[in-house]
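Each of the next two complexes has chain A plus one other chain: chain B in the first, chain C in the second.
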Partner chain A sequence: MIPEIGHFSLIVALFLAACLGLLPIIGAARNDAVLMAIARPLARGQFVFLTIALGCLVYAFVSNDFSVLYVAQHSNSQLPVVYRISAVWGGHEGSLLLWAFILGAWTLAVAIYSRHLPDEMVARVLGVMGFVAVGFLLFMLLTSNPFDRLLPAAADGRDLNPLLQDPGLVIHPPMLYMGYVGFSVAFAFALAALLGGKLDTTWARWSRPWTTVAWVFMTLGIALGSWWAYYELGWGGWWFWDPVENASLMPWLLGTALMHSLAVTEKRGAFKSWTVLLAIAAFSLSLLGTFLVRSGVLTSVHSFAADPKRGIFILSFLVVVIGVSLLLFAWRAPKVGLGGKFDILSRESLLLSNNVLLSVAAASVFIGTLYPLFMDALGFGKLSVGPPYFHAVFVPLMVPMILMMGLGPLARWKKIGGLELAKRVRWAFLSALVIALMLPFVMGTWTAMIALGLLLAFWIIATMLLGLRDRLLGRSDFLQRVRNQSLSYYGMQLAHLGVAVFIIGVTLVKGYETERDVRMDVGDTVSAGGYVFRFDGVREIEGPNYIGGRGHVVVTKDGQAVTELYPEKRQYNVSGMPMTEAAIRTGLLRDLYVSLGEPIPGSDGAWAVRIYIKPFVDWIWAGCVLMALGGILAISDRRYRIHSKRSGAKLGNVLEEKTA
Partner chain B sequence: MMRFILPFVVFVVLAVFLFVGLNLNPREVPSPLIGKPAPAFVLPQLHEPQKNFSPADMKGKVWLLNVWASWCVSCREEHPVLMGLAQQNIVPIYGLDYKDSSAEAERWLQKGGDPYVLSVTDTEGRIGIDYGVYGVPETYVIDKQGVIRYKQIGPVTPDNLREKILPMVAELQAK
Partner chain C sequence: MKPRQKRVMFILVGIAAVGLAVGLVLNALDKNVSLYFTPTQVFNDEAPHGRSFRIGGLVEEGSVQREADGLTVNFAITDTSKRIPVVYKGILPDLFKEGKGVVAQGKVGPDGIMHADEVLAKHDENYMPPEAADALKKAASANPAVESK
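Showing the complex of A and B:
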């Protein structure tokens, strides 16, 4: 009964979404207040029914209802309850339901926090989001219904993929989807502006906080995924350039470009059509990511199902959504005009170059990911692109981008003197250079790549300190000055600091990691990076749905006990899949990482053991967290609070004029 | 006007490619090589590069040819399955190390264990083209006469090992 309620709710939600995708947009075109006004109630109704549907599926999982096909495929009665809940999004159908639910939640949020917007804008934005929801709900109901019954019911389920039975994976997909789907808000605002034909600076102002929130979720989602790969796959790597990882990186890069481009459009009225195009592209890549993951056109550790029927549906949906928006762009954008003028060297030009570099980076990831498909389709044979390609194109693009990232916040709008800027930053650059050249000697090994990475990181930090000094130090009261700076300024600096921390992590872990892959008998010791690891054997363990062995490794340094590590090797009962659970001692300056390889046949309890010392590896994720915190600070800024009525001399304050 | 329509044109081209790509399901087995003799090659061995290996050496035996690389992510997923299979001594697994540097390949095997009787190195990926390698990993079942009987694209899982590969190996060995 419960699954049927879920199924029925999905159908109701589809109906409401279809109304939402049509009526308010027609209303806005005809200036019909009634049709526009039903957008908000429809958005609320859609969310309610999506919540019921998701609740029904969660209930089916928690109550082990194996008469539901999707539950039987992705759960098992031995599975702990928390993983039964996360198994809801452990497969294709449930992921889609989560996608649609999150889209409904974003739509509801826009409906609630848009009281200060003109009615026709709200009607169009919610209408576009409703239209997107129609696509996903139709897809689910026609090709991938999570509530399909399995009759007679299975005695027990096939269990969740052991790779996904992990705390990190409980929250990674919802976070990432919040980001993917969140870009639909910026997309909807851009389309609403195109539909209304009013591409002024106000739409940029309205969509900025939404874009930033989506970007924050996406940053955290990607970081979580990378962290999971690090501790769960047992190989100590943190990014593999897998097609599905790339699918999340591309919209992130474009989303980053979009955030910066929106700032210019809002403040200076420039780059208008470029910003609109970025908003369309960021969401299009989110949709494309879904297509790549769900259609199985590319092989990847993540692809769950390769069903051509589903692929055709998503592709048609992509063609409709992206094709229509790009046609709309081609039709409306030429009338937009260029906006504020700026000099060849100005904050605008620096931001524009950053934008271009970020977009080129996204394009190069795109080409690398889809190249095998292109070549195959053209009949040039089957081939694959590995990390060497990505390293070769990504680093040269990021170096100039980071250099400009240091200059951007220091530069003035409109025009700056090149010489004046060079003079201002010379000490910052020199100190970064000296640190970058000297620090590797202190750390033990000097290589050009380490020095380059450190130079970039300390360049960001040095220019950041310079900017803070100029703003905070002076004749007047320091505390007063600290208070006078906007939260969004601090947010920007914090996010940039996050990039520096991230680069330090990447550089140092790549440059100084130690790996030992050894056969260890019981009682053997291995020393690595100043630490001594003693292997005390493996004893058998039994988990709720797996059996396995737990190793015991004692770590000492200079005779002092440091920690004890318990890496595991598991064999899951239902799927028979072997899994490695690495044991990691996390530290600010280094991680100690031990994972079990294979038992050595014919020996007395000896195992192949992998031992890694990973210096500064956690800085990679700490950097991502700082970036996300920076984003949160920026949207907490006073001027984004609802009903803020700051009369300003700034460009494009149509908003205030309308609401005041 | 033209420059504003450009994004749309680019997207249409992309959509056509994606549509064609849909019909080239990478996990299916479109290989025209099934039922045909395994393409011949002579390649240096990974551990002892002065020695060569050729499929002709395997006449009279049923064996698996597994295409792998140290840079390949899915191989990590597949690796423990192959290690388990190698320990059972049912069928010899030979590795084709595809477009890889030998140093990294050796480190990879030291790290995770070596399920292969031996691996050969295909640094340029030429042999990969002969075999129609799309993504790494891929696994071929080759019979006593040197004919390819089955091709697994993507990682070998305990399921398809149990249901497909091992029954086929047993059948071919009995012949």
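Showing the complex of A and C:
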């Protein structure tokens, strides 16, 4: 009975979404207050029914209802409860339901936090989001209903893929989806502005916090995924340029560009058309990501049973969304105007170049990801594009981008003197250069790539300090000055610092990691990177839904005990799938990483063991967390506070007149 | 600068940047695409010499042999028609098994053995790498007798 309630709720939600996608937009076009006013109740209703649907599916999982096909495929009575809940999004149908639910949540959030917006804007934004929801709900009901019954019911389920039975994976998909789907808000605002024919600074001000929130979620989601891959896949890498990872990186890159371009649009009224295009492109790439990941075109841990009907549906949906929005853009954008003028050397031009570089980077990832698909489809045979391609393209694009990233916050709007700017930053550049050239000698090995990476990181830090000094030190009171800076300024600096920390992590782990695959008999020792690893054998263990062996490795440095590590090799009972659980000792300056390969036949308890020393690897994720924190700080700025007593709309109108 | 000159300047800079990016991408693609071949194609000497490529198929039953160091593994990849011996030093993925799909990347030496620097088996028990599936299909259609076996 419960699954039928879930199914029925989905149908009701689809009906409400269809109304939401049509009526308010018609209302806005005809200036019909009643039709516009029903947008909010529809958004609320849609959310309620999506919540019921998701609740029913969660209930089916928790209560082990194996008469539901999807539950039988992705769960098992032995599975711990927390993984039964996360199994809800462990497969195709459930993750779509999560997608739709999160879209519903974003729609509701817009409905609630939009009191200060003009009615027709709210109607259009919610309408566009309703339209997107129709696509997803239709897709779910027609091709992938999570509530399909299995009759007669299975005695027990097929179990969740053991790779997904992990705390990191409980929150990674919802985080990432919050990001993916969050870009739908920026997209909806852009389309609403196009529909209304009014692209002004107010529009940019309204979209900015939503875009930043989505970007924060996406940053954290991607970082979580990368962290998971690092400790769960058992071979110590943190990014594989896997098509599925690329699918999330592309909208992230464009989302980053969008955030910066929105800043220019808000502050200077420039780049309007470009900003709209970015908003459309970022969300389209989110949809494309869903398509790539979920259609089974790309096979990996993320993709589920390949069903051509699904692929065709998503592809047509994608064509409709991109096609309609570009048509709308072509029709309306010429009216938009170009906005404020700026010189060839100005903060605007620096931000624009940054935008272009980010977009080109996204495009190069796009080409590398889809090239094999196209070649295969065109009959040129199968091939694969490996990480070297991405390294060869990404590094040259990121170097100028990072260099400009240091200059951007220091540069003035409209026009700057090149010479004057160069003079201001010369000490920052020189000190970054000296540190970058010297530090590798201290660390042990000097290579050009390490020096380059450090140069970029310290360039960001040095210019950041320079900017802070100029703003905070002076004749007047220091504390007063600190208070005078806006939160969004600090947020920007914190996020940029995150990039520097990230670069340090990437550079040092790449430059100084030690990787050893060795055969170890019981009692054998191996030394790597100054540490001595002693292997004390493997004993049998039994988990809730697996059996396996747990190794015991003692790590010492200069005769002093550092830590003991317990890597595991598991065999899951239901699926029979083997799994490697690496043992990692994390540290600020390095990670010690041990994973078990396989037992060596014909020996007395010897194993192939993989031993890694990963210096500064955690800085990679720390950098991402700093970026996300920066984003959060930026949207806490007073300007965006929703409950501010001043009417945001009025303030917006004033600004609009000023820039017009 | 006059606005007109300025615009021309912006466009020129833009074109130069895009041109540079396209050059980079094409150059990188050209160098880093690894082509894929079936064991039959490698046997017929259709694969490039001295360049790394991928080969897909099944791990031949009974072919896996470990050397005394515990890390060097010898096995053969087969498309049921032809077999190519592979040697790999390192820890194999969890799902590497005899009779299951596999993809190896590396160079084939003059001895006809592939020296692999990467061996891939995918995340899911029932999943067959597309390259491997393709190799089996091709071998089957080229030699119907194999299929009936």
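A few points about this structure:
Everything that follows uses one rule, which is that the second predicted complex is superposed on the first by the 640 of 660 C-alpha atoms of A that agree within 3 Å, B and C clash if a C-alpha of one lies under 4 Å from a C-alpha of the other, contacts with A are read in each partner's own complex, and residues count from 1 in each chain.
Everything below uses one rule, namely that a contact is a pair of C-beta atoms (placed from the backbone, for glycine too) under 8 Å apart; a residue touches a chain by one contact, two chains touch by 3 or more.
Quantities reported herein were computed from a predicted structural model and do not represent experimental measurements.
Using the contact criterion defined above for the overlaid structures, shared-chain residue A:Ile38 touches neither chain B nor chain C, since it reaches no partner. When both complexes are overlaid on chain A, the residue A:Ile85 reaches neither chain B nor chain C. In the superposition on chain A, A:Gly323 contacts chain B only, with no contact to chain C. In the superposed model, A:Leu373 lies in contact with chain B only, and not with chain C.
Of the two partner chains, both chain B and chain C are touched by A:Pro578.
When the shared chain is aligned, no partner comes close enough to touch A:Val522: not chain B, not chain C.
When both complexes are overlaid on chain A, the residue A:Ile2 reaches neither chain B nor chain C.
In the overlay built on the shared chain, the residue A:Ile632 is in contact with neither chain B nor chain C. Within the superposed three-chain model, A:Leu315 lies in touch with chain B and out of touch with chain C [touch as defined at top].
Comparing the two complexes, residues 163, 235, 299-301, 381-384, 386, 388, 517, 575-578, 580, 597-598, 601, 608, 610 of chain A contact chain B in one case and chain C in the other.
Of all the residues in chain C, the ones that touch chain A in their complex are 1, 3, 6, 9-10, 14, 17-18, 21, 24-25, 27-29, 31-36, 54, 66, 69-71, 89-92, 94-95, 122-125, 127, 129-131, 134. Remark: chain A residues 161, 163, 234-235, 299-301, 341, 343-344, 353, 356-357, 360, 363-364, 367-368, 371, 381-386, 388-389, 392-393, 396-397, 517-519, 575-580, 595, 597-598, 600-601, 603, 606-608, 610 touch chain C in the complex. Taken in their complex, chain A has these residues touching chain B: 163, 233, 235, 240, 242, 273, 277, 280-281, 284, 291, 295-301, 306, 308, 311-312, 315, 318-319, 322-323, 326-327, 329-330, 333-334, 370, 372-374, 376-377, 381-384, 386-388, 515, 517, 575-578, 580, 597-598, 601, 608, 610. The touching residues of chain B, counted against chain A in their complex, run 1, 4-5, 7-8, 11-12, 15, 17-28, 69, 71-74, 76-77, 80-81, 83-84, 87, 99, 107, 110-113, 125, 128-129, 132-136, 153-155, 157-159.
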